[in-house]
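To start, I am sharing the structure in question, which I have written as C-alpha cells.
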Amino acid sequence: MAAPVAPVDGVLAALAARKRWRLHHIAGAAALIAFLLWCADGVNLRPRELAGALPLIGEYFYRMAPPKWEFSEVLWKPALETIYIALWGNVIAIVIGLPLGVLAASNVTRSAPLRAAAKALLNLQRSISEMIWAVFFVAAVGLGPFPGALALGVNFGGILGRLYAEALENIDPGPVEALAATGASRLQVILYAMFPQALPQFVTYNLYWFEVGVRSATVLGMVGAGGIGFELVTTIRLFEWRETGVVLLLILAMVTLIDLASTWIRARIY
Amino acid sequence: MMVPAGHAVEPSLSIRGLSKTYAGGVQALNNVNINVAPGEFLVILGPSGAGKSTLLRCVNRLVEPSAGEIFHNGAKITGRRRGLRAIRRQFGMVFQQFNLVKRLSVLTNVLTGRLAYRSIWRSLVYSFPEADKCIAIECLARVNMDHKAFQRADTLSGGEQQRVAIARALAQQPKVILADEPVASLDPKIARQVLSYLREAAQELGITVLCNLHQVEYAREFAERVVGMSHGSVVFEGSSLELTDDILHRIYYREPGEEEKEEA
Amino acid sequence: MSAATFEAAVANALALESERRMRRATRAAVWAVAVVAVLWFTAAQIGLNPAALVKGVPFMVDFFSRMFPPDLSHLLLLGRATVETVQIAVWGTLIAVMLSIPFALLGARNTTPHPLVFHATRLFLNALRAINELVFALIFVAAVGLGPFAGVLAIALHATGMLAKFCAEEVEGADRGPIEAMQATGAGRMQVILFGIVPQVIPAFVSYSVYRFDVSIRAATILGLVGAGGLGFSLIKTMKLFKYHETATCILVIFLLVFVSDWICARMRSRIL
C-alpha cells in the first residue's frame, strides 16, 4: 500500500472486494439454475402443474374424512403383523449385521481383504432397498409376512452393520491398550474393552431402526410381503378413501406409540 | 554415580542398547541402557516427549523396539512374537488416563487383569473363577477401594479410578509394574495418595516399579533411584538426592546433540 | 494393612458378589424367557420358519440363475429412467428444504409464535414422518396421475417432515449466549432469529439436507413400483414380463447409482462439518 489509508477505509475496501461477484460465481449460479430447470422439466414440475395439483391433492385428503371407523376391526391383525415384521426384521438384521460389522471395523479386524469383503457385502445389502429385496424374497418363499421380515433383515443388516462398525471404530482406544497390556488375547480384548464401550450405541441404533422398520413394514404389503400395506393399496385401488383414512391414522398412531416407547427406553440404557 | 543398589544382585530388568524410530522417522529412543534391581521403585524423569512412554511400552511390547534387547530375570523378552501374552502377563501397566472400561463395574475392571490366565471359553460368558475374584478383591483392598467394588467405573473420581487401575495391574500378580505418568491428570494431594498406594503395594508384594514422571518434586519424594531422560537418551542415573539444579537443567532444557559437546 | 483385614474384606465382598450375581442371574433369566416367548409368538404369527427358508433356497438360486447374466444391452434404455430418478430426488429434496425452514421455526419451542402453533406443527411433521414415501406416492398417483411428478411430491412431503423436525431440534439446541447478546442490543424477534439462531444451525442443516438427498435417491429408485417414475418402474415392468436378465440390469444400475450418490454425499458432508 503506497498511501496511508485510514483503517476503516481499508476494511471497507476489503469487504467490497470480497463481495464483488466474480465471473465464475455468476457462471456457477447460472449452471445451477439451468440444472434445476432441466430437472424440473424432466419430472414435469411446472408452476402451473403444481398450482393445479395442490387443490387436487387436498381434495383426495378431504375425501378421507370422516374416517370409516368400522374398518379398523379388519385392520388390527395386519397392524400387529406390521410390528412383528419390523421386530423380526431387526432380529435378522442383528444376526447378519453384527458379525459383518465386527469384520468391517478397522480396529477389530486386522486383515484388510477380510474388511473389504465385509464392507462390500454390507454395501450390497444397504444399497438395494428393502422393497426390492421383498420382491426377491416373495419370489423365493412365496407371499406373506415372512419374506417381508427377511427383506427388512437383509437391508437393515447392511445399514446396522455399517453403523456397528463405526461405533466400534469410535470407542476410546485407552482401555483397549490397557487390556492388551495385561496379556489378554485379542478376542478377550474385543469382549471386555470394545463391546462394553460400543454397546449403548448398538442399542440406540437398533431402537431407531426398529422405528424405521415399522414405517417400512407399512408398505411391504404393496408387493405382497405382509403387513398393513396390502389393505392400504387395496382401499386406494378401490377408491375407498374413507377406509384409507383409517389406515393412515392407524399407521400414524402406531409409529407415534413406538416413537414414545423407544424414547423411554433410550433414556434408560446409558 | 554408576554404583546403585542394582549391581550386587542380578537385575530384575535389564535394558540394553534400546532404540526406537517410529515409521514417521521420529527417533524416540536412542541407545538406552538401564538396569533395574528386583523390588526397586525406579522413577524415570523427563519432560514430555523425552521417550519415557515409548521406553515403558517397549518393555511390554505395546511398541516393538527397532534395536536393542530387554532381559527379564535373565530371560530375553524382546524379539519373539511367540509367548507374548505370557510376557505381558508379568508386567502390570498403569496409564495416565486410567483406561478403565467405564461401563463395567470396578470389580470386573480389576478382574480383566486376570484374563490372561484364563481360557477364552470362560471369558466368552463374562464369568470368572472364585479364586480370581478373591485375588481381585484383595487387590482392591490394598488400594482401599473394596467398598466401591460394585459401582460402575465412571462414577468414580479420577484418583479413585487410578487406584482401581493399580488394583487391575496388581491382579495380574506381576513381577514388574510399568506406570506411565500415573498422576499427571490428578491434583497434588490426590497424586501423592495414589503414588503412596502404588509404592506401598509394590513394597509389600516385592514388585519392581518403573514409574514415568515429569514432576521433580514427586521424584524426590518417592524414588529410590532416578533415571533422567532427554530426547530419547539417558542423561542421568542416580539417587534422588543427587538431583541438583545443574542436572535438572540437563534433563529439562538440553537441546538435542548438546550431550556430545559436554562429553567431548 | 495386615493380612487379616484383607481376608475380612475378601469374605465380605465375595458374599456381596454372589448375592448380586444371583439377583442378576434371576433377572437375566426372566428377561430371556420373556424375549424368547415374544420372538416365538411373533415368529408363529408371521409364519417365519427356517424350513420355509431352506425350501426357498432352490427358488432363490433359480431366480438368480435366471437373472444371470444381466442383459447389458438394456443398459441404454435405462439411461432415461436413471436421469429421472436423480431429477425426482433433486426436486423432492429441494422443495423439502424450502418448506422445512418455516416449519422448523414454527415447530421449535424458542421461535414459535404460540405454544398451540408449536404443538400443531409438531403433530403435522410427525404425520409426514410416519407415512412412507410410497404411501404418499400411491395417493398422489391417484390424484395427479402416473409419472415422476407424483414422485417428487411424495418425496418432498416425507423429507419435509424429516428435515423440519431435525432443524427444529437444532434451533432448540442453539447456544443461548449469542441469542441473549442480540436481545440485549435491542434487536427485534425476527432479527434475533436471523442473526442469532440461523447462523448457528446452518452447517448442521446443510449437512442433513445432503444426507436427505442421499436417502431420497434411494427412495426414488423404488417409487416406480407404484407408478411414480424412476428406475423402479423398469424394475417392476421387466419382472412382470419375466425378463429377468433385464431386471438384473436394473438392480445393477440401482446399486451403482446409490453407491455413487452415497460416496459423493459422504464426501460433501465431511467437507461441510
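Per-chain numbering from 1; labels A, B and C assigned in written order.
Heads up, the rule we're going with is that a contact is a pair of C-beta atoms (placed from the backbone, for glycine too) under 8 Å apart; a residue touches a chain by one contact, two chains touch by 3 or more.
None of these values were measured; they are calculated from a predicted model.
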Intersection of contact partners for chain A and chain C: B
Highest C-beta pair count, chain pair: A-C
Taking each chain's C-alpha mean as its centre, the one farthest from chain A: B
Distance between the centres, which are taken as Cα means, of chain C and chain A, whole angstrom: 2
Computed distance of Cα centres, chain B from chain A, in Å: 47
Residue ranges of chain C in contact with chain B within the complex: 1, 5-6, 9-10, 12-14, 16-17, 20
Sites on chain C touched by chain A in the complex: 38-39, 42-43, 45-49, 52-53, 55-57, 59-60, 63, 83-84, 86-88, 90-91, 94, 126-127, 129-132, 134-135, 138-140, 142-144, 147-149, 151-153, 218-219, 221-222, 225-226, 229, 232, 235-236, 239, 251, 254-255, 258-259, 262
Residues of chain B defined as touching chain C within the complex: 107, 130, 133-134, 137-138, 140-142, 146, 149-150
Chain A to chain B touching residues, read off their complex: 172, 174-175, 177-185, 187-188, 191-193, 196-197, 199-200
Complex interface listing, chain B residues touching chain A: 60, 62, 84-89, 91-93, 95, 97-104, 108, 112-113, 115-116, 120, 123-124, 126, 165, 168-169, 172, 178
